[in-house]
Structure formats: C-alpha cells, structure tokens
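What follows is a group of structures, each given as structure tokens.
Both complexes shown next keep chain A, but they swap its partner, so chain B is in the first and chain C is in the second.
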Partner chain A sequence: MINELMIIIFAPLLAGVLAWIFDVKGIREGVAIIGAAVPLAYLIQAYQTLASQPSIQYSIVLSGFKFEFILYHLSWVFAMIAGVVGFAAVLGMVSTAKDSYEWLFALMSLTGVYGVFLADDLISFFIFWEIMTFASFMMVLKYNRKASLKYFLLSVLGAYAMLIAIGIIYAKVGAFDFTSVQRVFYQDAMRSVMGSDTLFSRNELLLIFGLFLTAFGVKAGTFPLHVWAPDAYSETNQSYTAMFSGVLSKAGVYGMLVIYILLGTRLMYEFGNIGAAPKFGYVIAFLGGITIIVGGLLAALQEDIRKLFAYSSISQIGYILVGIGVGTALSIEAAIYHAISHALFKGLFFLIVATIIHRTGKTQFKDMGGLAEKMPVTFAMAFVAILSLAGIPPLVGFASKWLIFEAVIHQNMPILGGMLFFGSAIGFVYLIRFTYAVWFGQRPTELDDTKDAPLPLAIAMGILALLNVVFGIAPGIVAGELNKIFGKEIIQGTIWELNLGFGRYNGLFITIWLVVGILIAAVIYFLGAKVRRVPVTDTYQAGNPVTMDYNLTIRRNFFLPLKETLAFWLRMSFDRLYQDIGSWVEDLAETLRHYIYNGNVQAYAWYLAAILIILALWGV
Partner chain B sequence: MMVIETALKALLILLYATFVGFMFMGIIRIVTARIHRRVGPPIYQPILDTIKLLSKKSSITHGLIYDFGIIYALGATILALMFIPLGGVSILRAYGDLILITFLLEIPMLGIMFAAMSSGNPWAGLGAQRALLTLLAIQVPLGFAIVALGEFYGTFSTYQIVMAQQSMGWSITSLPLLLAAVAYDLVLQAMFGKEPFDIMIAPGEISLGPMVEFGGKHMGILQIQHAIALFAETLFFSNIFLGGAVITAFASPIINTLATLVVLLIKQTAVLMVAIFIGAIFPRFTIDQAARFYWKWPTIIAAAGAILAAL
Partner chain C sequence: MNLQFASLLIALPLISAFFVPVIKTISRKAVMPFLVIITAVQTGIAAWVFEEVYTGGKPIIIMAGGFKPPVGINLYIGHFAALFVLIIAVAGFFMAVFSMKSIGVEPKDKYAMLFLLLMLGATGMISTGDIFNLFVFMEITAISAYALTAYNKTGEASEGAMKYIVLGGIGSSFFLVGIALIYGSLGTLNMAQIAQLAGNINPTVAQAALALLVFGLAVEAELFPLNAWAPDAYQAAPHPVTAMFSAFVVKAGLYAMVRIIYLLRDTQAFTGILRLVLILGTITVVIGELSALRQTNVKRMFAYSSIAQVGFMAVGFSLGTQAGASAGVFHMVNHAIVKALMFLAVGYVALELGGTSIEDFKGLGKKMPLTAFAITVGAISIIGIPMFNVFWSKIQLILAALKVGKTGVIALILGASLVEAVYYIRLIHTMWFESANGEKVKENFTLGVIMLLLVALIIVIGVFPNAAWNIAQKAAADLYNVSQYIKNVPLLPGVSP
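Up next is the complex of A and B:
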C-alpha cells in the first residue's frame, strides 16, 4: 500500500513522465489532467482525516537518510493552493502546451512544490525545492535562454544560501527533521533567557536567518532579488506561469513561515519586539513594503502584457511578506489569506494572458485593443480578476487585503500602513492600463477575426473566477481553515463575516447592498429613453471625423507623466546593477586571461615558483 | 417587518443624500459665481439639469460595458453611503469600517473609468490616465491619514470613532489627528475633482476627459452619482474628524434625528465651503505637479500625524 502523501507528491511527476513517453496528442493531455487531479482529490479526502487527527505523517529511509513528510493544517492550506491553481494551469496548458517537453517539466515542478509543502525535514525540503527550481528553469529555458540563465543564477544563489544554512544547522543539531531543529532552537531561546550559554551564538543565528531570507526571498521575488521574475514569468508558456507565479512563488512565502516555525522563538527572544511585532520580522515586512512599491510602479510602466503581470505578481507578494513580517497571529493569517487570493486572481490573470496570446499571437500593448467585443467570456473573467486584484469588495482580493491593512495598522506601524495604501492605488493604476490597452478602444484590423477562449482554458478560468467570488462573499470559509492552523479563533465571525474585534467585514451584506444599489441605478437607467448603439468611431473629436485609418487609442507610454515624475528614481535599477557586476566579472576574467592565464607554459612555471618561494618564506 | 423598515430607512437616507448632494452642487455653483462677481444660477439648477438629461429622447451607447459602468458607479456609491454613520439612522454602521469605506468611496470611479474607456474616445482615455495618477498621488497622504485615525482610536469602526469623539472631543483637537485632517482635506479637494486638482476632467482642455462621451440618461445618472458622492465624502470627513453628530438631548427620537442631521449638515457645508474657496482661488495643476505636491507636503503632514499617533 503506497502512502497517500507519496501519491500526492509523485502523481504529477509520474503523469509527466508518462505524457513524455507516450507523446500522443490527446493521451498526454488526458494523463496530465489526471496527474494534476489525483493529488487534489487526495487532498480533499485528507481534509476529513485532518478533522479527526492533527496530522498525517509518513517517512521513508533511503541510504541512511530518513525522509519525513507531514500533512497538517498549514501545509494542507498551501498544498490546496498548489492543487487548485495547479489543476487550473494544467487545464490551461491543454490549449497552449506545444509538446511533451512542457508537460514533463510543468508537472515535475508541481511535484516539487507539493514536496516542499509536505516536507518535514530539511533534506527533503531542499531536494524538492531544487526539483521545483530545475523544472521551472527548464520551462523558461525552452522559450528564452537569457531569461532562464538569469533565473538560474539567482536560484543557484538561493540554493547555496539554503544549503549553507542547512549545513550550519546540521553541524550543531545533528538532525534534519523539523521537530528536532525546532526543539533545539526553542531550548536555545530558553537558555538565552536564563542567561546561560546557547548552542547557536547571536551571529550564527543572524547568519542562518540571512541565508534563509536570501533563499526564500529569491523564490518569492522579494526586492532586491526580484530581477529574475519579470523575465522568467513572461518568457514561458503563460498557462504555466499561472502555476509559476500562483504556486511556485508561494514556496518562497512558505519558506518564510518555515523560518518562523524553526527559528521564530529564538529570533524573537534574541532581538526583541517592536510593539507586539518581532524585530526580525520587521526586516521581512519592510522588504515586502518596498517590493509592493517597486513592483507596482514598474508594472504600470510596462509595454508588454506578460511583464505587466509579472511585476504585478512581485508587488502582490510584497503584501504577503508584510503580513508575515509583522508576525502577529492575525497578520500571519492575513498573509496566508492573501497568498490564497493572490494564487486565485493571479492564476486567473495569467490564464487570461495565455488566452489572449494564444488567440492573437501578440504580447505588446501597442498591437492590441478592442478585444472585449471579440472575447466576451475572457473579458468577463478579466473583469472578475481586475476587481479582485484591485481589492474591490466583495471579491476575495479585498477580504485578504483588508485583513492585512487592519493587522498592520492595529500594530501601530504607520510607515508600513502608508506603503500598503500606496500599493492598493498602484494596483488600480496598472490594471486600468491593461484594461484600456487590451479590451477597449479601436481594434487593429488584423484582430478582427479573433476567437474567444478555447474550452479547456475557459473551464480553467471559470474555476478560478468562481473561487474568487465565493471566497470573497463568504470569507469566513477561508478564515475558519486559517484559525485551525493556530488552533484558536483569531478571526471570529460567521462564514459571511470576519470579526477582529476592532474591525468587521461582512461579505454578504456588501453583496446584498451592492445588488440593491445596482438595481436602483438600473431602474433609473431603464426608465430613460432607449439607447442607440454607435460604433467606436462615432465619438466626440471636436468636429474631426474619426476613421479606422489611424488609431487614436493611447496604447504606448500610457503613463508617461508617471514616468516623467519618477525619472530620477527610474535611473536606479538593481537589474542593471547586477548586469554591470556581471560584465565587470567578465571583463576581469578577460583581463586575467590576457595577462595571467595566457597559455604560456613558462609563465605558469614562474607562477609555481613564485608561490613556492612565498610559501617557503612564510615558513610552511 | 425588519426588511420593510430597513428598506424604508434606506430609501429615506438615499433621498435625503441625493437632495442634499444636489443642493451642494448648487451651492458650489452659486458660491463660485459670487467669488467671480457673477449672480450665478439658482440653487436648484443641478436638479433641473439632471431632470433634463434624464428625459432626453435619444441616447447613445458604446456597448454593454458603457451602460454597466455607469450603473455600477451609482450602485457602488449607494453602497458606500449605507456604511457611513449618519447619526443614529444609518443602515450598516456596525460594518462601517474605515478601510472599507475608503475603498468603497474609490470604486465608483472604477465604474466610470470602465464606461469612459469603453467608448474608445481618446480624451476619455487621457482623462482616465489622469484620474488614476491623481488617485495614486492622493493615496499616500490619504493612507497616512487613515492610519493615524486607526492607530489613535485603536478601532476601525467609524461609528465607534464618532462615539469616542462625543466624550473626548473632536478628532482635530488632538495634534496627530489635526495633521491627518489637514492632509485629508487637501485630498478631499482632488476627490471632489475641484481645482487645483481637476486635471482629470480639465474642462476646455480635454473636453471633460472621462465625461466627454456621456450624454442623456448616462450623464443624468452620473449627476446623481456625483451628488451622492459629494454627500458621502463630506459626511465621512465630518464623522471622522469633526465629531460627527449623535444628539440625544431631546425626548422625541424624531427631533433627535432631525437635530443630528442639521448638525451634520452644518459640518458638511463647512467642509464643502473650504473646498469651494480653495477651488475658486487656485489655477489648475498639471498631473506631475499634482503628484509632486501630494507626495510632498500632505504626505509629510499626514505621515507626521500617523507617527505621532503611533507613539
């Protein structure tokens, strides 16, 4: 009997391999869908089990290493994100995947991400982390070598950081499993409170924290390690990006939570609190705040639809990091809630982008326009996604954002609060840019026979859009699951209502009164005269006739004034900084090759002699 | 019975808000005219305009979104109104969360933007761009002002803030919230779309921007929306900074309610007058000037308020 956790983790990989071997159109799609559906089904089933027992555990011993896996409430929530969004992305890929190569690596990365969420020791965590990174790297490599290398380089940086941190921990603790590590750090915290010697010194602790922060920051796309994300997210199959941005980035978020689980107590006692929030979390929260602003502003200035959403993804992850960083039970719940809603709406957005690119073959805003008439279903989905991301009640994006706002401001953190507000406005800004350039205005004639979304994509979008609405109107469903993680009622209320004691939000009332308001407005509207439909060229142009010969819709540089206002800040770029460092290193290597490694054997003999003399003088 | 009572109450609030909103629009025109040394139209002129617009015999549309955006804008404004405490009579004041109302007051704009952009008129696109950049500019001081309030009172319930002010005195009597109020009032100028921050509609330059295509009943609905929004925004400001009003001095609940409404009305009118005076005096800012302005002084003032409130 194979354990259910193993099935959840390896079913996608198995399906991927099968799809890769039986490279027949039709079969491979079917296998892949089953491969993505099986873990989801098992996860839903596991919900019943988790109601009666705190966790499901499983461990295997391979060549002396014990690999441990655990499914409890926290990992269940994250695994469900992977399950639902991963399934939707796989459905989307049925329409957009070109060959079996994509199926193999897309499903492999799903296995990787399940493994990360279910791992209960540092070695499994690291191995699955690398599987996930490798598979997503292969997905980018196929589309764009340069983008994939950038992703690879930063991922390697993250991987080394994590490996070193794990090494340091193992050297002192002598075990890899989370329980032992957590216990040791907890005892350490107690020891430091008592004033006795600790196993990990303050500096070692700081080093481990920094290394983990780098490792997870890369994956989450935290400023200033975000530079890989815009390229990698955009230079791959966009249906896959729904998973890439929706789920894989959550591994970074989950990693931040692992920091709390493993090191939290020790860090908190060692560095103290600001108010009720831990000081070390402040680092995460502030990086998150900056990520919101940088990601959002850059998103508004993009000319490529994929890049816009890639930057927007970075910006939204910033919210999650702020929530995690503030570090109260409420703010962490809020952050996980936002992780869920981010996966839902960003998954939906990338499927919409996939549809648009699949149907039009264009990626630049300047080539698009007026598609709302041609793709009504996709536009309806986009409407839901826009409202959700912009944080319009009663959609899920508002519920989670509201929680983060309240959690942060209630902890008396004014600057972070200001950053959050700025982030929500910048969200409006880049979404309207997307809306205007893609859906409205004059349509280029070559897009006149664009068709609506293919069925699998439409179903995938439908699933995500429905969840966006349901979890927004009934936010208590999610809040109930989140409360189980902490084992107490942190967010009170019914399934319609979130009640924090100092603030209340009721999704149902909002829905009812919005409907009432719209009905009143509709009555006024329908009492008026009948309307006559006019074409897009029949608009007021101060007497000038508008023709389709030239396109008057502003598609390029839509936010030019913003660009001008920010000109000073835009000159700074971490991406360029890294590139410059890269080219310095190349130049340096070139210089070395010229003068030192010049291929002359005599020269090398001289180096050897010189080193020997130096060593001799040194007294070795 | 509960449902009917609530519905009746909601209808009365809605009618009152619409009426007062239109009066505000009339006041804006008269006061501006007097500052310009003109006579100005009668106070009920906006109502006449709206009736004229709604009874136009021919109307054009640019498609479903064009119609729905307008309806959505009015619907969302009505929604926002229901959450703001109006003395003792508001419907959903228990859920009148600061953050929620701040967001709700911004959503109608989204509906208008959608409708305007779907028309395909370049002026509308330009107007939408400017409106959004204005929103981006005001959001920073606005955010800090809300943060200051949330921190100072330790609650996000607008109604509880109103009640706290009944015993502690108006918000603006404490320094952090006075700073927040100043910043919020500057923000209000842009929310009303008054000079110097009326670049998004810029009459005479981009032909009213987002509004350029609307006529007939669409414009009529937008007039109603504007009236209710004026009422809601001034009401929100009076509630959170100027003490709101909860009068219980009289024996009869009806007189109490009326007295509350009168007190609120005076405060709302005062807020409006400040906006009119600023609007009548200053010329229009360009969009980058507006952004630089808001990101400088109002932000500094509001952030100072928020930090003081946090201490």
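Up next is the complex of A and C:
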C-alpha cells in the first residue's frame, strides 16, 4: 500500500496531470476537486493517528539521497492550512480557470507546498520548495511576463541562497535530515557555552542564518524582498491567488520556524538577547514590523483592487513575522494562529476579488460601486472578511492579532508594539476604501446587470467565511492544537476562551454581547431613529471639516493627501532599485559581449597569446 | 563475442566514410540513408560495448595488431569511454536522421563523409590510449568540423569556419609541441606509461608541457577566452552539426584535457593547472551567460548557453576530487541530452519557419506545439528546476564544490545561472504567450518521436536519477582513478624508455 504521506503530497499533482491530459471541461474540474479533497481527507484522518502517536514518518531512497517525510503537530497545522485554503481555491478555480494549463500548475504548486510542510530533510524541503516556486511562477507567466520574471528571479535568488546554506550545513554535518542537523547545532550550542571549539564558527553561523533569512524572506514577502508579490499576486487567476497568498506565503513563514527548529538554540546562545527576544529573532521581527508599515501604506495608495489586497497580504504577513521573531512560546503560537487567520481571511478576500472580476471584468476602484445590492452573497462574505482582517471581534482576525499584541506587549517591546498598532490603523484605512468604493455608493450603469457569485465560488467563500467565524467565536479550538505543538498549556482556557494569565479573551461572551447590542440597536432604530445622510468626508476626516481644496472621491486617488505626505518616502522604491540593477547588468553584459566577441579573428588570436603568456607567467 | 570487435567503433565510420563516394556513384539518393544505416549500426555496437563494460566492470583494451602497449597503440574503452561512445553514436544517429530532412545543399556525399569523420574523430579522442593518437583524432575531428562549419556556403559560414580554423590551428600546433616535450622527457607516448612515469619528469618540462597541452585542448573545450570561435561557428554550421558540436565535440575536447591533467597528477604543476582551469571555467560560465542575455538569435543564444554549461563541467573537473569529477561527468551527460534536443528543435524551427531569430519563435506554441514543448522542457531543465535532469548534476556540482570549500565560486556560478533563467524565460514566454500570425505546421513524425524520446529521457533522469548517477560515478572513477587506469593497461613488462 502506498504511504499516506505520499498520497497527501502527490494526489494534487496526479490530479493536475490527469486534468491536463484529459482536457475535457467538466472532467478536469471534477478530477481537480478530488485531487484537492483527497489530501484534506487524509489529513483529517491523520489527526486521529496523531492523537495516539507523536508523528507519522516515511522515507524513500532516490538518487543516493534519503528523502524523509514527517507529519507531526506543527506540520499538521500548516498542512491543514494548505488543505482547507487549497481546496477552497480549487473550488474557486472551477469558476475562473480558463484551461487545463492552469489546473496543472495550480495543483502542482499545492503538491509543492504539501511537500515543503511535510519534508523532514533539507533536500526534499528544497526540491518541493522549488516545485512550488516553479508551478506558481508558471501561473503568473501565463498572465504577465514581467511580473513573472521578477517573481522568478527573486525566488531563484532565494532558492540558491537556501541551496548554499544547505550545502554549507551538509559539508560539515554530513547529513540532510532535520534530526541530525538539529542535534549537531544543539551540541554546537552546548560546546560554545562550555567554551570549547564549535563545528560552525560564528561567521558561518551568521552566513547560514542570513542565507536562510533571504530564502524564506522572499517567499513570505518580507521587506525589502517583497517587490515581486504585488505584481505576482495580482497578475494571475485571482482564485489561484487565494492559494498563492494564503498558502504559499506560509511556506516562507514555516521556513522561519525551521530556522528556529534547526538553528535556534545555537543562534540564541551565540548572539544573545535583546530584552526578552533573541537577537536573531529580533531581526526577523523588526523586518516584519517594517513590512507591516510599508505594505499597509502602499495598500492604501493602490487604485487596483487586486494590488490593494496584494499589499495588504504583505502587510499581514508582517504580523506573523513579528510574532515569530519575538521568540517566546506564546508569541510563536500567536504567530501560527495569525498564519491560520491570514490564510482564512486572505483566501476569502482573494476569492471575493475573483468573484468581482469574474462577474464585472473590472479591476479598478474607479469602475466599481454599489455592488452590495447586486451581489448580496459576495457582500456578506466580504463583510466577514473585512471584519476579520480589521481585527474586530468575534472573528478570527481579532483573536490572533490580540494574541500577538499580548505576546509583544508582555515582553515590553514598545517599538514592535507601535508598529503593530500602526498596522492595524492603516488596515482600517485601506479597508474603508474597499468597503465603500466597491459595495456602496453610486453604481456605474454598466454594472447594473451584474450577477452574484457562481455556485463553486460561493461554496468556496462560504467554507472560508464559516471558519473565520467559528475560529473567532471558539478560539480555544485552535489554541488547543497550537498547545500540542509545544506539548504544554501555553494558552489556557476553554474552547470559548483564551486565557494567558495576564489577559483573557472570551469569544462566545463577546459574540453574545455583540448580538445583544445589535438587537438593542435594532430596537432603538426601529423605534424611530432619524435618518441622516453621512457624507463620505465624514468617514475620511473623522467628522472634522474639510479644509483643503481636494476634490475627494473614494473611487479615485482617495488618499491623495497621504500620498503627498509620503512623497519623499515613496521615491525610495526597492522595486525600482532592483530594476535599475537589472538593466545595468544587461547593459554591462551587452558591452562586454560587444568587446569580447567582437568578431575579429585577429583579436581572438590575441586572446590565445594572452592566455599563453598567463600560462608562462603562472609557472604551472 | 570477441571483445576486440569493439575496434569496429573506429573502423566502421572510417571505412564507411571511404565508401560514400562508391555509394554516390550507385545512387545519389542512397547517400543519406546510408549515413543513417551506418550510424544506426554504430549505435548498436556502442550499446553492446557499453553493456559489456558496465556488466563486466572491466575496461576493454584493444591492441592494434596484437602488439602490447607501449609498443603497439592501444584503445582503452573504460567506463567513461563506453558511456561517451554511446552518447556520440546515439547523437550521431539522431542527427543523421535529422540531416535527411534538413540538409538540402549539395554535395551531400561530402557532408556524409565529413559527418562520419567527425564521429570517428570524437570516438577516437575518447577511446584512445596513446597521446599522439589523441592528437591525430583531434585533428580529424577539428578538420572535419571546420569543413562542416563552412558547409552551408554562405559568407557567414565561411567566416565562422575561418575563425575556427585559425584558432583551432593555433591550438593544435601548441598541443603538438606539448606532446613533443612529454615524449622528449619520458620517451613514451602511451598514456598509461606517461602516468606511471609522471613522477620522474623534470618539473620545468612538466610545467611547460602541461601548460601547452591544456592550452591546445582548451580551444576545443571552449574555455574562455579561447572559445571566441564558438558562437560564430555554432550559428553558421548546419543545424545537425551544431547539435553535434554541443553534444559531443566540445565534450571530447574537454575530456582529453581533463584526462591529460589527471594523468600528470604526480607532477608538481598539477594543482596549479587545476586552479587555472577553475578560474577559466568560472569566467567561461559568467561571460557565456551574460553574452546570451540579449541575444535575439535563438541559435546563437543556445550557443552561448552551451559554452556556459561547458564552464560548469570544467569547474567540476577542476575541483580535483572524485565527487567533483562525478558531477562533471553527470553534467556532461545531461547537457548532451538537453542540448542535442534543443539544437535539434531550433534547427527544425528554422527549417519550417525560415530562421532562428526570436521573431520566428513568436507563437511557436500554436504553430509547432511539439517542438515548442521540447524547447520548453530543455530550457526548464537547463535552468535547473527539480524533477528535470540538469538539476541533479547542478546540485551534485554544488555539493562537491562546497566540500572543498569553494563557496565563492559556487555563488558566482549560481549568480550566473540567474541570468540563464532570464533569457530562457523570455524565450518560453515568447513561444507560448505571444501571438503571431502563421499557419499551424504539420510536424514531422520521426523528428517528433526523437524529440519526445529525448524529453522522456530528461524527465526520467530527473525523476529517477539513481541509475544515471551511478553510471556517471563509475565513468568519473575511470577518469579520476589514475592508478587503476595504469593497472588496467597491460604494459609489456621490461619495455621502458
């Protein structure tokens, strides 16, 4: 019998290949759904197995390399993210995928991401990482060459960084599997504490850490390696982006955790702490904080609905990185919690965007408006997603953000705390735009006969929205699973309540009060509140009179004042820097080629003479 | 079967080449089918030899006239030679089939003759056990290559061939001087005996000889900056010939260089020359990739890419470890498969659509889906995506380099292959996602089968690299393990200079 881990990993790929070969509408969709559902079913089944044993392992020898796979609590949680959001995205693609090409690569990337989460040695980790990158790259390539190229170059840069790091580790450790590598680094840490010679010197350690950070930072979209994400997320099938942003970015997050697992002890002893956080973790956290701010500000300035969410996704990943970087058990649990909520609400958001684009064919805010009436189901979903991302109880976004805040504040980290709060505020700024410009206000006449979401998309959105609500009201379900990762009760409480000892949050309680509050409000409303029209400037200016001469409409350049304020900072674009470097290299290459391969045989003969002279002088 | 029949590997192409004029007088049309038949037979013999060597585990030593070396000249078909003779034969067979379709210019009989001589020369270079014999075979290869480059009779072709002749000529004359120095110092030309006696050689003579030998062979092996002839020659040569250049001619040159360096391992110049080859190899990769970046002619772009890949192999061999040599051989095999496929596909596109500039590749996915698919698989493989064959050789190369602590070189090489990704992705995008007008071409069945075979090979090695990796390791051991090489050759006792 084939091992269940292999089924989990390869079922999507197999389905993708089948869908690609039997390119018949109807069949390929069915095969793809099965391909995404099978791993999910196996993962749910594996939950019971994991209750009785710590892990499920499998290994296979190929090409002299032993490939090892493991499913334990941490990887189960991440694989479930991939399973649920991947399944929803595949359902969404039933409505939006145009041909079998998209099915093949979408499912291939799902296989890649499962492989990354289940890998237990560096080589399989790397290979599946590359498969994931390659497949997602192919999804972008179909839509836009420039965006895909940028994505691919940065990814390959990251992959090579990882490869070199793996090579350095292998050269010293002589093994690829996580257990041995972890053991060696742990022993190394002990040795450095004792003051004896270590296997990896301080500089080598720093190099490995830097290389891994680059590799995973690219995928997670960490500043300043995030430049590929806005383009790549927006220039592909938006249903696929639900998976791309919801799941694939988690591979980067997971990678950061792998740094902790493999190198954590040694790094901590070698470089010490800042306050309570390990110094190396603080680097991750600080980059995460900057990512929150940069992503959030840029999201607010976008005119394209896809780009807004792409930047917003980047910004939200920043939270996760902050949580991971702080490095306490609580903060890491909070980060994984936010990884789950990010996948749920971002997946939902991109499916909503997919629906809007599918139905209207428009992507710019200026072409939208008043869709709430025409697409009530989608609007309801959007409502859930907005509340969740904004971090409003009782949705999952609140629970996880609250945990991160608590974890950071508890460690007395004012700078990171400030960044987090800023990110939340800027979150409202861009969400208000999405809420108002797309759903309310005057509807352009051409959108008058827009239909609501097609059934598969509606189901997909429904699954994610439901989970957003359930995990918000009963946050203890998630917390219980996260506690298993550490094997102790870090977040206490019931399934309704999170109790940290110094703070608690009860989802059910808040829900009840919320419902009661809404009921009271409804009663008051129906008893006769006066209706007053609120101009949009009120939301924007928080009630203050508008003093400037801007003609603000929410659909076009709404945050112009913000843009002008930031003008100085916006000029410093890393994206442009990379592009300049790229064209500089191309020019240099052309010049070099022009002079070296100049087509003159006499010059070529001189090259020979030069080499002869070098040989003579070299004294070989 | 008597193992001495393996000498047919040399004899068959040679005799057949002489028979071509006879065939021509019988029927002009029979020349190309004759070529295909001969290469097919050659493939059969090579496959038999390969099987014998790899199952027997012993090299086949063929002694000309039954005289034992060093008195007689011997052929040494060990694991490496058996593998590469097979690659040469298979690539030759495929390209002979392709030639039937693509070669329209007369005189085809001359083409067939030169084609066979090119195969013969490369086979000889790889299997000979005598250093002067090596020179002879190298000249046969080179001269037939010059002529084939000019075969299309265009100005471009003559220019390319002219450059090739000038540089190749300089290279081989210095090579000859190097041989003379060795012979003058050791009094033998047998490669096994040279290796045996290498310790006794005067250090200065060894330095000079090794330098000259490497210099001469580096021209054939396309190491920077001695590879200046290559882009022109690759572009101007008939398409099947370009594929053969990339698949085995350059590799024969590289093999000869590496073999000689390893044979002289006991001399003091050994480490120095390895370091030099490492540097040259690295520069070759970087310059090759950068030059390909803005090429608008796809065939030329592939030529630069091919040069860069040879640089990879040279780096592998120059690490001076068994692991490095294995990685180098593995990369040779993989690259031969991929580049044979890609040059075949490009040649076929040029044949159908009239050119190899990037304009002709617009919308190729619609016009010639199979060919475009083949090029795509090849490109993806060369970039080094897992589950394709080149990935494995690249990763082995990196591991080997890291083991000896050459992190900087690796970083540089990986940086260069970023560039590779850029231009191949541009090509892939042009082929599949840019629309152009033009009818769908009915693709040739035989060529389609060949391309699919090679694609299948790329993917099979990519998914199950074990078998290929084992073969590469054995071949590399044959190259690297010189003491075993000396033991394998039955030198006549008592005969020493």
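Here, the second predicted complex is superposed on the first by the 577 of 620 C-alpha atoms of A that agree within 3 Å, B and C clash if a C-alpha of one lies under 4 Å from a C-alpha of the other, contacts with A are read in each partner's own complex, and residues count from 1 in each chain.
Basically, contacts are C-beta pairs under 8 Å (C-beta built on N, C-alpha and C of every residue); 3 or more make two chains touch, one makes a residue touch a chain.
What you see is a predicted model, and the numbers here were worked out from it, not measured in a lab.
Chemist: On the A-aligned overlay, A:A479 touches which partner chain: chain B = first, chain C = second, or both, or neither?
Modeler: A:A479 sits against neither chain B nor chain C.
Chemist: Output check: A:G503 vs chain B and chain C. Expected answer is one of first, second, both, neither. What do you get?
Modeler: First partner only.
Chemist: Looking at the overlay, what does A:V253 touch: chain B (first), chain C (second), both, or neither?
Modeler: A:V253 contacts neither chain B nor chain C.
Chemist: Can A:I56 be said to touch chain B (first), chain C (second), both, or neither?
Modeler: Neither: A:I56 stays clear of chain B and chain C.
Chemist: Where does A:Q442 make contact in the superposed view: on chain B (first), on chain C (second), on both, or on neither?
Modeler: A:Q442: touches chain B, not chain C.
Chemist: In the superposed arrangement, does A:V17 touch chain B (first), chain C (second), both or neither?
Modeler: neither
Chemist: I'd like to check the shared interface: which positions of chain A are touched by both chain B and chain C across the two complexes?
Modeler: none
Chemist: If you look only at chain A, which of its residues touch chain C in the complex?
Modeler: 62-64, 126-127, 130-131, 134, 141-142, 145, 148-149, 152-153, 156-157, 160, 163-164, 167-168, 170-171, 585-586, 588-590, 592-593, 596-597, 599, 601, 603-605, 607-608, 610-612, 614-616, 618-620
Chemist: Tell me, which parts of chain A touch chain B in their complex?
Modeler: The touching residues are 370, 372-373, 387, 390-393, 398, 402, 405-406, 409-410, 412-415, 417-418, 420-422, 424-426, 428-429, 432, 435-436, 439-442, 502-506, 509-510, 513-522, 524-525, 527-534, 536-542, 552-554, 558-559, 561-562, 564-565.
Chemist: Mind pulling up the chain B residues that touch chain A in the complex?
Modeler: Listed in rising order, the residues are 10, 14, 54-63, 65, 67, 70-79, 82, 91-92, 94-95, 97-100, 103-104, 106-107, 110, 113-114, 117-123, 125-126, 128-130, 132-133, 135-136, 139-140, 142-144, 146-148, 150-151, 154-157, 207, 212-213, 216-217, 220-221, 224, 286-288, 291-292, 299, 303, 306-307, 309-310.
Chemist: Across the complex, what residues on chain C touch chain A?
Modeler: Touching chain A: residues 162-163, 166-167, 170-171, 174, 207, 210-212, 214-215, 218-219, 225-226, 228-229, 231-232, 269, 272-273, 276, 287, 290-291, 293-294, 380, 383, 385-387, 391-392, 395, 398-399, 401-403, 405, 407, 410-411, 414-415, 417-419, 421-422, 425-426, 428-429, 432-433, 464-466, 469 of chain C.
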